[in-house]
Structures are given as structure tokens and as C-alpha cells.
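Reviewing the structure listed below.
Which chain is which? They are A, B, C, D and E, in the order written, and residues in each are numbered from 1.
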């Protein structure tokens, strides 16, 4: 079956879904519970013209970016330390194993308690998840830097610092990138977690607050925008990887 | 089919919990499921989605439900002049201090009304401050961490704020002080009232028993202990609320006036689209059927 | 030796925690390890820990029971038949981009604050995760295996059962493992946003009473629970499916 | 399975293209039953493609491949392939015994067991029946593949660089063993290799393909032309001839 | 780097154990500068271990390895290793040129460039300087490794089955090229292999280790004993002798 026919089939399937949704919404007749596609489009128009959705998107995106950068850097550093220094790994791997099981949403209450309801709390919750995901994969890469690369460094007589940035760091890059790629999705999970409980702005809050007034059309808009922004970030990341890093680091 | 009753989790709505705990619903032959929510505002949403038959909350959140005409208030049962509190920095709650500041509150709760009345007493209006919607427990963090200047909330959260700020934050005003009492009540779907008036009567009768129990039983301390166990909350917190509450199901003129000013407030702030039709908002038939003397 | 090092790590973390608590000197906001330990102890002896963990686990297990077979079934079907995949693919894309936690408000709205609402959300998450992993497994079955099957007289539906399915069991196992991790996240979220039992509910309860010690105890407990579940699953795979064990000696 | 009654195996004027890209160009060969055919050729010349055509995995663009009078149209248990990719060719979830039984599961139990025992004996794996593939060395895995093929009692074994991934000593040993096996069973073997000495050691017929695209038969050396003793001038001359036939001025 | 002034390379009574497990047992050998030493031995006999000792990655349990009078105590740029693991030996994030420059980055720019040009010319890679390892064939990668080694102008090249992972044709070509390179540069080469013919083609000295644990020198064939012409009885006899020395009754 050709790619073209596949695409056609996928498009058809998506269209029939929208039609079925419209029919279902019509027959249920509870626009407050199940809005029709048209209502959702109307809501989107309204939220666009009021600027509300753009503002919320920018707010949420800003949180993701800051949290992601914080967590990404911390994850690479932690991963390399745990991966390269056996004593530290043996001592702290159990602690890390427990930490990595904590759902981000569970952290929201304490983080809010300690850091208030400001941006810092959201950054930390997002950074936490990114940190976990990036650490896990960086650790594998750092632990498994091929012995023969380190031996090459030994022959040449590189010192510890030079070995770190000329051999270990670049060897770890492909692994860290896997973690960073996965972390994009998790950052959005954490964003939603932080915004559903304890936020007064952002996409999560639109979803949460619209619920109180049974404005499901706004909720659906919120969900779709959230999914769309998440998907775009994912795609942008992969593009960046392919354009800038793929040749040197054989990823993607 | 059990009767589902949603409520804010504050001890001010104690009669519902007492009725459940003491088995008064059962005595009426009802199987009742009572579910407490962190705030009345949140309970509204559960009720709206059709998951509940009755909703118990303070007068302000209830008023939001009364705009549609499909929901009626069938009884009220508590009155307090010390329930709502504005908490802020010690000795820094004058008009000049507050103006332009962020104030935390649960939007669509009585906190909004309380803030309005408090600002009024300082010669300010709601437009002079920035309102930040926060769940009650987030208000505590926000205030202590300095994310908001003050909060408009209800008991017992004020005590936690005082404790956690090590006394930096204290109650600046309470509702009696700024000139209003707060009531709580129960609403039902109009459809239910019309189709199964006996169910509504049974619920009201159970509540009446509960208010009487609260007045006559072993005192505030004992009540607080029972209720704390029910709500899984610290007894001291519960007691601090019960101490200032009055339980009574007589429909009084003060209550009717209070509801009307809440309605006017919501309308003037454009928080509701249309004015509440008070003729249709109350329906005391069940209350009358239970005890005609409660309604004059 | 390993245990010794692990003990050392835990000791260091507790010491640092204690030092921080000393510096902050405000138990209500930042309780020291002893206070959190006491809170955990209370939860255990009062039985509330058992109840909460039990409730969350029960939801998770029930959802796994429904979601895992569903995910495998759909995953194999769309991995094997390109047409089925073309039909389902846009939805997988769409839902995969939406964090399941963002759907909690919808599930509360449509199914109410009920057990069904939580289970439905969990089943959704688990099915989607297992399905995606299974589909990848089916697609990655090496062509050589299928060709070997052809030479050995195994083709068509027989190949599906005798070659494809066993080949993608490792992928299915990875999918289930991921699903358990995500399941813990989602069940906690669902319980935090509306439930009357479970670890998530306990967290919210602790939060509304500003019980920092109980909050921290619950959070650490959640980390332990997730780790335990993961190890238990690994152990179950090792003992029940030794053929698919990843620990087998490679020569 | 009754062995089919063919005595010669013909590749008549076979061409194969993928899309517009020609791989094989009018290959015309004929062999007797029981031949040991070795195919040499530069990388990418189409050796594997030719093998796939004989196996029936692919169909020729033009021409036909016949066993006796019957044209090959699909894969079948009379032509079993031994693949080079040791790690993917066996079923890792089955033990050695179960792998060998895979194709003959419909035989009565007694006969099945007897066959498995016989072929495992043939490939010297009688003591490893209950091991899993991951517990075997590369050489042992290839023996299992050969045993699995033999258990089907095929007319023909098709082997695509079966020893290419093994170390020199193991390779040597398996070559000798395969030669004995062939002498013992008289199977027709079609064997693709890169290794000239391997071909000289094993083959009764050697075919060299030219560099693609559109590879043709460059050399076809028949039974009586192949020198058997490496310590002879003829052997060295033949080796040189084959080396020259294979020589290609690519970078390696 | 000034080439050190040694004329002979001695392995004096060297034993090596890992824990209580003996690997090498009293290895005693001596070679002239400029020798091409090939080491054969069954798998696991300790060939790589011996190479690691010479490289200085490991230290002998007893005995000593000396270049002239100086004992080897650590790795150094005078003894460069060419590893078998083609995919990990090069730095995949560096181009061919950058890989070759890796060990000589402290040299002045002009000299560095000149050396890189010279060694890439030597290994026939002058046209591929800007490619990444992932864009090269296995044979080309090994050439880069050799060039990287040569660029450091070492006294000795240590090669651990450098052609073991390559196909037969590529292997043959690299063998010839390495031989010319050795003739041209006069470097001492220590070369581990499994392949008897490879050893016979390249070596001036062949050492065969016995099966471990506790492997000893089983054969040591000196320069004048190694027959050069494959078409002679002596050659075949030597091959048989080495085959017998390597023969082991393990399963492969």
C-alpha cells in the first residue's frame, strides 16, 4: 500500500471522527457536557480574539522552557556524576530510584508550600521530571563510555578535565539527547500537573477553571492547544537534533 | 438509588455531616452519600455535572446556582458573624497599604464578598486590588511566601496563616465586623423537588434533627471531636469554627436580606449575568411540611 | 558492600535533611526526618496507609487487567495490518500528545467523582502505552524471522501466533512497565483531583490540613511504591516468563 | 514430506530489478542435484538477491528458476535458508530443541524426537538441547540453524554467508563440518560467500557475479576445474584467477 | 616527541592474574626493534591481556616488560593501540581529520596539518578527510585508526585483531597495505590475530599462546623459519603446524 493511500485513509478516518463527534454531540444534546466541533471552533475564535489563549500558551510555554532547561542541565550533570563515579553511584542509586518513582503531581503541594504559588514552583516541578528522565539516560551513557575511548585518552595522556570534555562529554551526548527528547513530553505532563493544582494562569488553568462553569468547549480548546504545543515542541526538538547534531552525534 | 449530597468541607456545614454521622438520613429511610469538597466553589462543579442531588455551601456560592432557575434553595441552617476573615500583615492593612496589591481568595466563594465588604470599610473597591484565585490551602502558602499581600478566606485557615507566618500575618477583619453575617444552606434541583418532594422533606427533616443535636448535645468540644473524626481534620480547627456558629433553620428576615445583598453584589460585580429572581430562588414547602413554624 | 554503600547514601541524605531542618528550624514548614518518620509510623499503625495504598493499587491493578490485553490486541492488529494502522494512527498521534493528566477534569465531568471515572482514565493511559509499544514490537520483528518461518512452513495467521507474538513479548513487557509508571502518575492525579480514598487523596488531605510531615511521608511512600511495583513486575517477568528474561547470560 | 523428483536445478535467464534499478541481469546457470554451489561477488552485486529468488522470497522480473520442471513461485520447506544474521535467525524464546522442532511440529511425536536427535547429533549439539540461543556462541547458533534446516529434510540448503560473522578458527571448523555433512547427506547446497578459500574448499561449482548494477555471471567454474590440494600450482592459479575476478577498485 | 633509543623489546617472565584467576603464566619473549610480531592463540588464552600489558593499560602480576632498559609502567604515546572494535575506536563526533588530529592537538598548527596530510596519504584516505566515521566502511575506519596512531609517531603499533570484523576481501586488501606501511616506516608492530594465514603473510615473528587459564608460550617461530611463498611445501607444513598448535576441542 502506498504512502499516499495511507495518508488518504488517515485523513478520511480523522474526518469521519469529526463527523461522528458532531453527530454524537447533537444527539446527546448537552452542549455543556459534550460540545460540538463547531462550538469548539467558536470558543477558539473567541479565545483567540480576546488574546486569552495566546497569553495562556505563552505563560505555559515559558514555564516549560525554564523548567526544562533547569532540569536538563541538572540531569546531564547528575547523570555524568552517577555514571562515572562508582562510589557515588553505589551510594545514591537507591535514593535516585525512589525519587524517580515520585509522580510530579504529588510534588506540587509541598513545592507550593515551600516556594509559594509563583513561577518558581512550576519551574521546579517541571525541572524535577526533566531531571529524572535526563539523568536516567545520561547515566547509562556515562557508565558505558567505551573503554577503548578512555584508553585512547590514556595513550595520549589527557588529564582528567580534558578527558571529561574531550571524551566523556561527547560520548554521553547521544544518550543525553535521548533523555532530553523523552523529557519534552514529560515536561508537559509536569506542566499540567502544576497548573491543575495551584495555578492562576496558563493552559492547565483554562482547562481546570472552565470545568467550574461547565464550559466544556473551552476545556476542549485548552486540551487541543496543549496537545498541539506539546507536539510542536517535540517536532522542533527532533528537527534541531537532525539539523544540528545528527551528523556528528548519529542521532535521530 | 442513593441520594447524593455534595458539600464544602468546612465545619460550618456541620448539620449535613452530623446527619450522616448520627444516621438521621437512615432514620428517614434514605440512603445518603455525603461528599465533602475543599470549598463550596468546587462542590458547585460536581453538582452542575449532575453527579449530586443536593448541594450544601455558603450563601455566596449557592447564589451562583440560583441564577438559572433550575436549582432552588430548600433550607438554610447556619449563621455566623465570625466565619469569614481577611488576613494580612500586622498593622499594615490600611487603604494605602492595600491598594493595588494582590489578594488571594477562592473565586465564586464567600471570600469574594468578604473582600468587597472589607475594602468598602476602607473606602476601596474590588477594582483597587488584584484578585488571585487560590484554593484555601494555597492561600496559606501564597501569603506566607509573599506571593499575595493578604487573603480573604474563612476559618480555620486563618489560624494556620498566623502560625506559619510566625505571627507576621494576623486577621485584619471578620465578617461581623464589616457588617454582615454569613449563612449556609442547602439547594436541590427543582426537578427533584417537583417529582420527589418527599425526598426533599426527608433530607430537610434529617438536617433539622442535626441542628437540634448540635445545639443540645454535649457542647462544642464534644461536637468538634465527633466532627473532626468525620472530616478527618484536626479537632482544634473544627472547634474554632463551631464556636462562632449558630444553628437554626428559621427563615429570618436577616437571612433574606443577607441573601439579597449577596445577589446585588454578584450582579453589580457582573459575576452573574442576570439578577436572581428571589421569588423562584427559594422554595420553603419542604421546610413548612417538616415544621410550619420555621417559615413565617 | 553494595548494601553498605546504599546505607551510606541514605545516611548522608538523612543527615543533610536534618541539617536543613535545623537551619530552617520550623517543623511546620520543613519537618525533620524524625517528624516525617513519626507521621509515616502513625499512618502505618492507624491502618490508613494500608487503606490508601490498597485503594490506589486496586485501581491500578484493575485498570491493568483491562488495559494491558486491550493494548496488546490493538497494538498487534495495527502493527500487522497497515490499513488498520492508517485508520488509528491520527488518533494515536493526537492522544499521545495530550498528557493523560490533562484529561482528569474531563473524566470528572463526564463520569463524575466516581470509581469508573478513575478506572476509565487509567485504562486509557495503560492501553495507549501498551499499544504503542506493542505496535513497535510487531513492526520490528526481523524479516529474517518471518522468512525463516516461511522456509519452515509457517506463514499467515500461524506466523502471527508462532513468530510475531513471541517476538514482540519483550516490547510488550517494556510497554507494561512504562504503563505501570505512568499509571502511578495518573492514579495519583485522579485521586488528588477528586476521590475519597487512595494515596493521592491522602496527599490532598494532608495538604488541606497543612500537614507537611504527612505530605512528605506520602511523597516518599509514593516513590517507594513505584519502585516496589517496578521491581515486582521485573521479578514476575523473570519468574513467569524466564524465556524472555533479559538477564540470561549472553555468550 | 516426499522429496521431489528433480535431478537438475536451473536458473534460466533470470533478471531482477527493484523499481527501475537493475540488480541481476540475465543470469543463466544449471546445476545437478547434489551440487555444492558457491557464489562469490563484490559487495552489492546481488548474491543475496539471487539467493532470495531461489528461496522464493522474491520473484524474478524476468526468467525463471526451476527445480526439474517445476518453477519456484514461493518459499517452501523443500528449500531451507541458513541466514548470516546469527542473532536474528533463531527464535530466542525457544530452546535449541524447540528451535529445531519448529518446522516439524506436525510430525508424530516419536518421529519428531528421532529427527531432532539425529540432526543435533549431526551438528554436534546433542549436549546442548536445552540451552537458549543467547547461551550459545555464534558458531553454535549457526549449527542450530543448519540442524533446524536439516530437520525439514529439504532438497536444498541455501546459505547466505553463514560463517561470515564468525572468527577464523570457528569458521574453519564449521567449514570442515559442513563439508562432511554435505558428503553424508548429499543435499544440494547453494552457498554465498566473500571468501575465496572457503569457496575453493567447499564448492563443486563456483559462480562469480560481476559488479552491479545489473550484475551478470562473470565466472562459472565447474566441478572438474576446481583444484582440491592447496599445495599445488593449480590451486594458487585458481585463487589468483578468482581474486582477479573479484578485484574492484573501491576503497575498503 | 623524540623516539626513544631502544633496540630490543623484552617480555621477561611475565605473569598476569585477575584476582586468583591466572591468565598468563611466565611469558618470556624478546624481539628486535622493527619486528612484526603476530600473536595467535585460542579464544580466551590471553592475547588481548598480553597486549594490554604492553600498552600499559594493565600491570603484570610478576615479571616486567621493557623497551630497551626502560620498564613499561603506564600507557603512553610511544605505544599506540589499534583496537578491533571498529565502531567504538574512533570518536564518532569528529571527522576523519579531527580524529587523526586528536592525539596531536598540542602541536603547532602547521606541523599538525602536515602530519595529518602525510598519514592520511599513507592510508589512502586523503579524499575523505571531512567525512564522519559513520559515513565510512569498516575498512576505512580501521585505516583512520592506523592513521591516528601513525600521526603520533609512535615507536610501536599494537593491534588487537584489527581486521577481525572486516569481510574477507577488505581484510586481504588491508593486510597488503599494512605490510607495505610497515616496510615503509619500519615501526615495530605487535599484532594479535586468529587467522593463521594473516600471521604467515605479515609476521617476522609468530607467537602461539596455549589454552588458558595460565597460558604459556606454546610456539615461537622466528623470522627465518617463516616461509613466504604460499605455493611451497614449507608453507603448507608451517600452516599445518600452527593449525595443530591452535587446535582445541571446544565447541565453536
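Here is the rule we use: contacts are C-beta pairs under 8 Å (C-beta built on N, C-alpha and C of every residue); 3 or more make two chains touch, one makes a residue touch a chain.
On a predicted model such as this, the values are computed, not experimentally measured, just so you know.
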For chain B and chain E, chains touching each: A
Reaching chain D from chain B through chains that touch each other, fewest steps: 2
Interface ranked first by C-beta contact pairs: A-C
Inter-centroid spacing, chain C versus chain B (mean Cα positions, whole Å): 39
Length of the line joining the C-alpha centres of chain A and chain E, rounded to whole Å: 48
Centre distance in Å when chain A and chain C are each reduced to the mean of their C-alpha atoms: 18
Rounded Å distance between chain C and chain E, as computed from the means of their C-alpha atoms: 50
Touching two or more other chains - residue numbers and ranges from chain D: 137
Residue list for chain C, restricted to those that touch at least two other chains: 29, 108-110, 204, 207, 210
Of all residues in chain B, the ones touching two or more other chains: 45, 49, 137, 144
Touching chain combinations (by label order): A-B, A-C, A-E, B-C, C-D, D-E
Residue ranges of chain D in contact with chain C within the complex: 55-57, 74-77, 79-81, 83, 85, 88-89, 91, 93-94, 102-103, 132, 134-137, 148-149, 152
Complex contacts: residues of chain D adjacent to chain E: 42-43, 124-125, 128, 137, 139-140, 164, 166-170, 172-174, 193-198, 230-233, 235-236, 243, 246, 248, 251-252
Residues of chain A defined as touching chain B within the complex: 32-33, 109, 112-118, 197-198, 200, 209, 211-212, 214
Touching residues on chain C, where the partner in the complex is chain B: 26, 28-29, 108-110, 112-114, 194, 196, 204-205, 207-210
Residues of chain C that touch chain D when the two form their complex: 142, 144-145, 147-148, 150-155, 162-163, 166-167, 169, 243-244, 248-251
